[in-house]
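Below are structures written as structure tokens.
Heads up, the next two complexes both have subunit A, just with different partners, subunit B and then subunit C.
Presenting the complex of A and B:
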């Protein structure tokens, strides 16, 4: 059991994050995402419900570069309704990019990135959108965006096992194949969230979030 | 003859069940705190959930907090974490379905509604109503 758990954690280490870039006050969050393009890890601390600060690490497998950055997440606006909540966040990062791809030979450059995250959810439905502009000096500049919709097959109470069926569409204008569609299943209970999917390009994805 | 007997038995058992059910209903609600009026309004809670919450904390003062935007487990977890740090709070119940948070205060004569609202707001959610019952 411990071996399986260890393998699972190792597999999901180094992943990117989706919604909720800010936690509750004094809350820590560990997030990781692993898909066909990259592995990334984000660990952040939220001094308040309005912002968080943390480390962001990414490894882009095909282009063979890494990003190590300090990331700031700000809740710009929240709409609380009786049966729904919507949020608008700004995410920004500053760090360095390292690549040993072909002639780059262990080159290091500063990198900055920024983007918005918007989400809306009820206990039954979920929708989100996020984008990111990234700029380094020469190695890599890109823009990516993605959107998700989801539905909960059943409504679970507080502390119970929650399940969501989701569909994610990623758009990368700089890539040869610009769109990737991934159906996912998300499960969470207590502080832990796990999700997995299989993309239209034939890649598995594993995402893991732990809040404490 | 046989049909008449069965019909009579069915009628009798229905009547007995109905009477028993009425007595059960009276018993389950009689003297329970969820029937209280607060500021001229009925206490706005799920009766069964409230009764379950009250087990073992009869002498506590209860704050029934209505929260807007509490639609996911993660949001609710922040509220639970915040109030669990308050030593005056002896028990917490979060009901995502109704958007209610029940807080039991042991030995608290003066529940500070403004403090509750502030803590909820600090978690990024809005309080729409607080009803204080008990003691």
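Presenting the complex of A and C:
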């Protein structure tokens, strides 16, 4: 029951990365990412187009721990071209990690994480890379990275329904099966973005982003 | 297999939606994409701004939000295909080029050129 509640809370609040870590000035973003490993939520506010600050919550199902953190996202560099845009971001977080796993003596620990996000896109093509180093005292330290490529099967106008076909590869050096490949379909219209996929490990992904 | 079927169904829906809207826009607008927010004052200025980095809807929403907060502006038209923002002002109102550049740069994009008519 406790697990179910945690998943529901995180799914309801959630935000993660594949989408932009920084919005427009005075913009809010709500993101939820749910896959075979974890459910995560990120809500952030962007005082300017250069940085954002927000809450990050994660529930790692198999490892049975949660993270609740304040996350800072900084736009390090943006390359604006006539028909493309590329970005480099730094994401860092500070908070606590909680686990109710019985074998652990320590249930709550401080946690920090940091990583970069890079993306490039035109109206037809998309590519991204991101990584994250996470460190707590004893419960969990890890490094993960993932990359995506995507193509829009048709070019939609402003305010219309946009569709993307994407392929994501995740790399988790600490896991037994280090690579996970997930084909996804992304749809967005106006301020809402939805995507779903089915991974090589047999897990369904569900991601949602809303900007306001 | 189920995933592929669902993906193709969604894509079919998406493509159909786009076709319908494109047809409507073609009939009622001189450009592929019509006024995205607000209204047009026939006696006001029409300021065309070529913008770099305008590649998807979220970018355009930033521009909309910035300019629609200003009293001089009545409407915004976004043309993603050509990276073009058109700002419609009230009669007798204008926005200086430097201010337009500053607002768009602060929103995270770059201005190529500005034309009025």
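Here is the rule we use: the second predicted complex is superposed on the first by the 195 of 212 C-alpha atoms of A that agree within 3 Å, B and C clash if a C-alpha of one lies under 4 Å from a C-alpha of the other, contacts with A are read in each partner's own complex, and residues count from 1 in each chain.
Basically, a contact is a pair of C-beta atoms (placed from the backbone, for glycine too) under 8 Å apart; a residue touches a chain by one contact, two chains touch by 3 or more.
Every value quoted in this text rests on a predicted model; they were computed, and no experiment measured them.
S.K.: Is this a clash or a fit when subunit B and subunit C both end up on subunit A?
M.R.: Because the two structures are overlaid on the shared chain, the partners are seen to clash.
S.K.: Let me test your reading of the model: by the given contact rule, A:165 touches which partner, first (subunit B), second (subunit C), both or neither?
M.R.: It touches subunit C, and subunit B stays clear.
S.K.: In the overlay, answer first, second, both or neither for which of subunit B and subunit C A:198 touches.
M.R.: Touch partner of A:198: subunit C, not subunit B.
S.K.: If you stack the two complexes on chain A, which partner ends up touching A:154: first (subunit B), second (subunit C), both, or neither?
M.R.: In the superposition, A:154 contacts subunit C only.
S.K.: Is A:82 touching anything from subunit B or subunit C once the two structures are fitted on A? First, second, both or neither.
M.R.: both
S.K.: Could you say whether A:107 touches subunit B, subunit C, both of them, or neither, answering first, second, both or neither?
M.R.: Neither subunit B nor subunit C is touched by A:107.
S.K.: Who wins on subunit A residues touched, subunit B or subunit C?
M.R.: After superposing on chain A, more of subunit A is contacted by C.
S.K.: Tell me the contact category for A:187 with respect to subunit B and subunit C: first, second, both or neither.
M.R.: second
S.K.: Go through subunit A and flag every residue that touches subunit B in one model and subunit C in the other.
M.R.: Common to the two interfaces on subunit A: residues 20, 23-27, 48-49, 75, 78, 80-85, 121-123, 155-159, 162, 188, 190-191, 211.
S.K.: Can you list the residues on subunit A that touch subunit B in the complex?
M.R.: Going by the criterion above, the answer is residues 20, 23-27, 48-50, 75, 78-85, 121-123, 155-159, 162, 188, 190-191, 211.
S.K.: Can you list the subunit A residues touching subunit C in their complex?
M.R.: 20, 22-27, 48-49, 75, 78, 80-85, 121-123, 153-163, 165, 183, 185, 187-191, 196-198, 211
S.K.: Give every residue of subunit B touching subunit A within the complex, in rising order.
M.R.: 68-82, 94-97, 99, 122-126, 128
S.K.: Provide the residue numbers of subunit C that touch subunit A in the complex, in ascending order.
M.R.: Subunit C residues touching subunit A: 3, 6-7, 10-11, 13-15, 17-18, 21-22, 25, 32-33, 36, 52-53, 55-62, 65-66, 78-81, 83, 106-110, 112.
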